[in-house]
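Some structures are shown below for you to check.
Same chain, two partners: subunit A is paired with subunit B first, then with subunit C.
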Partner chain A sequence: MASSVPVAVRADDGPSSARTGRPRRSWVARSRPWLLLAPGLAVLAVLMLWPLLRVFLFSLQDYGLPQIVSGEPNWIGLGNFAEVLTSEQLWSVVLPNTIGFAVLAVSATVAFGTAVAVLLASLGTAWRAVVSSCIMAAWAMPAVTGTYVWVWIFDADRGVFNHVLQSLGLQDAPVNWFTDRWSFYAIVLLNIVHHGFPFVTVTVLAALLGVPRELIEAAEIDGAGGWRRFFSIIVPQLRQVFAVVIIMSTIWDFKVFAQVFLMPGGAGTNREVLNLGVWSYVESFGQNRYGFGAAIAVLLTLMLLAITVVYVRTILKEEEL
Partner chain B sequence: MKRIDSHRAAVAAAGAVAMLAVAGCSGSDGGDAEQGATGAEGQTLDVWIMQGTNPSADEFFDGVATAFTEQTGAELNVEFVEWGDAHDRFVTSIAGGTTPDVAETGTTWTPEFADAGALAPLGDYVSDAGLDGDLVEGLVDAGTYDGDLYGMPWYAGVRSLVYNTEIFEQAGVEPPTTWDELEQAARTIKQELPDTIAVAVPGDAEFTVYPWIWGSGGQIASQDGETWTSELDSPASQEGLEFWTGLAEDGLSSAGATTWRETDVLDAFAAGDVGMAVMGSWTPGAIVEANADMEGKFAAVPIPGQDGGIAPSVLGGSHLSMFSTAENQDLAFAFIEMMTTGEFATQWGEQAGYFPGQTSLLEETLDSTDPLVAPFAQQFVEGGASVPVSPDFGAVQAKATTSTMMQSILSGNADVATASSSAAEEMTNLLNGGS
Partner chain C sequence: MSVLSVRRPTPRAQVGKAVAVVALLVFTLFPAYWMLVSAFDAKAGLGTSFVPAEPTVEHFRFVLTEGGFDVFLRNSAVVALVTVLVSAVLALLASVAVARFRFRLRTQILLMILVVQMVPLEALVIPLFVQVRNLQLLETLLGLIVVYVALALPFGIWMLRGFVAAVPVELEEAAYIDGASWGRMFRSILLPLVAPGLVATSIFSFITAWNEFLFAMTLLGGATENYTVAIGLRSFFGQFSNEWGAIMAASTLITVPVMVFFILVQRRLAAGLTSGAVKG
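Presenting the complex of A and B:
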């Protein structure tokens, strides 16, 4: 990745210098990129933009089953948003769960993923192939399957985890780990990190292998230790890669749904573990309050947009320095 | 349409039996549509049937499909939908205009979908078929919205106390008839067989909770004029909740049961791990299907009342509903009638452990002496009860008000008094159209 960056910059420079060198190109030449992009943009507009717009339009209505059947709109302005934002549940449970979990999950996924990437980079070809395959297996596991495996592991009566704790004499009677807010999210965290770190590992590894060896050797000659070399030489080189994996992980971990919904009690019977995604779903599809659910979804999208914008700006500013 | 309408009048005149005969002849005579029950040769009827706690129904519907094609000439396309996903599937199909022609709808959903305008009224068809007065009343009430029938009573089920006879013998206890006896039996089982779950107290199964509320004289909710008030936090209801959750608190249930649904109870019972549990009249078939070793090793008794007698239990059930998008409504009703009356209704009831929705058939079932039918029949007749009859009770179920209360009590996050009063507040609000 690091080595490809200069290439990308050069590729960008190419046409623009050509443009300045040869002014007054025809309209066709100038609109050609857009013409080439048009089919892709059209597909995106239909698949992404229209649904997004619909969700936004729903969020301004009291939209229930009768409206679905009749197709009649039922505008109520910002009523849904007012209700979401004044809801005590949002501030005491849903937001802390969503944000707190995302912060922990992103840090853990990126830290663990990077550590594995560093390990892989130092392995020989054969072992790298073995470890990579194991990682890919974790990545390839569907979220639903993975979640059920974790649920089995922590099952109160027949789960391995309780069994081991009891065999070691650490607890007398089985404990139901799904009823407590903290242990519930600890299991979700394990699940998410397990499922999410391979992406980080693969991306970071590609970048790691592109860090020029001379830089590292020079630092080594100057007497820098392993930690110093990692944080002062390698990490700055990988900044853009980290930006990508952090933004992607943030988006994924904010909107985690299946991994919570499928856990015992996660589908709404344990109100302490609701997060934004599940709350939106329970309100929309359980209560038939599609407008209210849409408003929650819109707020989630806005939050993610804000986080991404702030993050991208910070990265770009650092680049300029 | 006109041709079909005139035919409907003919059917009404000739009666249902004659229709079967006429249709039987015309099945091979595709050209003469006037004669066929619906003139439906070459058409396909899409049907959704629920699955989850029902025993496997493939074979049954193979038989139905053959008979249906013989009668009407149309193909039958049955799709099985999990109970858990069904509500969402209905809603998305309503939104997308891809609803089936006929579907099994849970009794609490029928008014909701009718209210939304998704269902076609069945009252005229039922009168034409001469079925007025021969349908089980409770199911008709649940399927009636705004004065017309939208859900054809198909079957009803009821929950009783199912127990593992092997465990009971080993522990030397008898099936309980009062709450004290139940608690005593559970304690003895736990003492004799510490590895078993003496009594399953599930946290995510609202219908297993209501019998204990009713059993001590409590109510779920009461109606005064247009206003509902939840009674979950009345002293009598709390006494029932104290007893039921107290069993778990004393270690007679299991920690895992706090998050169990009814399917988890079924799994554990079928594995032979559970002494007794509140389970439906449709579960014996499913238990044996899951574990053939359990055959003959369990029995049922009506749920005991606090000081004897029978604690009421919810009469749950299913309707067959016709969606307003059905192209050939006569064909759709021909299917509904075939399923809910006569031979197939009896067969389904026997196979699946349900009580038929047709009164004349129900009476036969109630005379049964089968040890896995008779206790449920007794519960059905002497201890059947209904959840609040309100289109908004669906919202209470969807919000999982009762399960939320149960889980917070069982996990020790709240005591009965606190949990029941916040659940009552929420239920009162929802039943009166709040959110």
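Presenting the complex of A and C:
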């Protein structure tokens, strides 16, 4: 619980009250933080918290176009959740595509990002600056255009990937990489790692450069090899940083939407490649089953909330809010 | 000299490192490079050439005239700029409150701001679609702006809070001793000192609004004249064949401002305006 006692000389005390200990503050001064917060909180309440409550309320209804038009509720209890949780689609396709993919994507992103950070840390200052700037370009690429570029690279008819494979004699005819569930998600994985590793690299690099040189030096004199130094000295020092990086990546990779939706067949026509977010959207806006879509969205939100709780606890360990 | 080792690297290690750097650069830059090559190539996709086989700016001319991308760019610019202005003001006020005051429920509000950033857009899009529809703002830029302000706000508050907290309290106290009111102190001391943070936060809001795809697609529906760049791109996808040269030219137009801003943010974040201000 935050205390209402000012910790230092607070702005709202004024110079005179600072000396008299517990200040007798005016009503304006006491309500100043709330006046400052009011516009922002109002926006968040109307456009974030209320919709969040509402998506939960929708998930308990058979909510379709008639309900949207009339505004009348149509309660069906937990029917939508029962349908989602007993659906073959959820267990055989959607959950593996969401959780399995997130696990794979996070491991790949964090491993690759860390490897690049170690590589950058071993470079001279000038080269480090040049390579970091290039990495920024991968980060800055918007998800939408980035996805289209990957689709173009792997395009079945004229994509450069098929061209190169064919001119190398590795395949006879062009292959459509988007129809198969595995190759589809391999491309999504490539896209996500490419877009996500710069964040890991930049964060881990900053922490790496802060590890005391004496530790490394001592370990090296004691005869510890490169891998040993990395896992026994560096990783324990960077535990907190890795925790934050892993959790943030997990949250992002659970929410992959545009990267799947914009791929050929990703917008619902290929039922094999649906993940939770796309499934929710396709059921809502494609089939007008807003209640059912809301139930899927609630499940996704609950999963993310669980990860967020871990994240918040990690942060609270590190700093006082 | 390496950070992870104090010994001089062997020549073999040096070569290995060089190879790794080249491979890394090829991997990171290839998509952007390929986008540019295809955008400037009249024969995009007809051969395996890794440089434009027939250099041209025809694709850009096409997307900016017949393709209607001039309108999409203008829409996106309007949406992003208004989002930036509104969210910057709201975020600044709120961040001062949480960084400079101790009050009841402060921790809870901070946690709430942290948690709402994790909420998936797919969960918000259903109720917000209904809400915007009830306000009769579907297919308008205003409806989109209202949503984007809310999306940009939590991160803005979170980020600005750090910048506000970094301004030494001593500077504020000095202002009070000189007889300034709270409002005067805010305008003359706090605002100029958090300006770099405000710029960085604004650029992040700009990028959020510029790149956003899900809400633009859902709220704008069939109102092509109000499309933003992110969904305008889809109009180049034909039913049977895709205009890849045009798609890559349009993608280039979308990506370049974002990349420029990203580089700007990098510099701004490092700028320490307050360092040394107290020592004077």
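Quick note on the criterion: the second predicted complex is superposed on the first by the 259 of 321 C-alpha atoms of A that agree within 3 Å, B and C clash if a C-alpha of one lies under 4 Å from a C-alpha of the other, contacts with A are read in each partner's own complex, and residues count from 1 in each chain.
The definition used in the following text is that contacts are C-beta pairs under 8 Å (C-beta built on N, C-alpha and C of every residue); 3 or more make two chains touch, one makes a residue touch a chain.
Quick caveat, the model's predicted, so the values are computed rather than measured.
Of the two partner chains placed by the overlay, only subunit C lies in contact with A:54; subunit B stays clear of it.
Contacts of A:285 after superposition on the shared chain: both subunit B and subunit C are touched.
Of the two partner chains placed by superposition, A:129 touches none, neither subunit B nor subunit C.
Looking at the shared chain after the overlay, A:155 reaches both subunit B and subunit C.
Touch counts on subunit A: comparing subunit C and subunit B, the chain ahead is C. By the touch criterion defined above, A:82 lies against neither subunit B nor subunit C after alignment on the C-alpha atoms of chain A. When the two complexes are overlaid on their common chain A, residue A:68 makes contact with subunit B and with subunit C alike.
Using the contact criterion defined above for the overlaid structures, shared-chain residue A:306 touches neither subunit B nor subunit C, since it reaches no partner.
By the document's definition of touching, of the two partners only subunit C reaches A:44; subunit B does not.
Put simply, subunit A uses residues 68, 155, 157-158, 285 to touch subunit B in one complex and subunit C in the other.
The touching residues of subunit C, counted against subunit A in their complex, run 1-7, 9, 17, 20-21, 24-25, 27-29, 31-32, 34-35, 38, 44-48, 89-91, 93-94, 96-98, 100-116, 118-131, 133-134, 146-147, 149-150, 153-154, 157, 169, 172-173, 176-177, 182, 185, 207, 210-211, 213-214, 218, 230, 233, 242, 244, 247-248, 251, 254-255, 258-259, 261-263, 266. If you check the complex, the residues on subunit A that touch subunit C are 1-12, 14-15, 18, 29, 32-34, 36-37, 39-41, 43-44, 46-52, 54-55, 58, 68, 71, 116, 118-119, 121-124, 127, 131, 133-146, 148-150, 152-153, 155, 157-160, 163-164, 167, 194, 198, 208-209, 211, 213, 216-217, 220, 226, 229-230, 234, 251, 254-255, 257-258, 262, 276-278, 280-281, 284-285, 290, 293-294, 297-298, 300-301, 304-305, 307-308, 311-312, 315, 321. For subunit A in complex with subunit B, the residues that touch the partner chain are 64-66, 68-70, 155-158, 173-176, 178-180, 264-265, 267-272, 282, 285-289, 292.
Subunit B makes touch with subunit A in their complex at residues 87-88, 91, 94-95, 112-113, 115-118, 197, 203-204, 251, 254-256, 258-260, 268, 273, 395, 398-400, 403-404, 407-408, 410-411, 413, 435.
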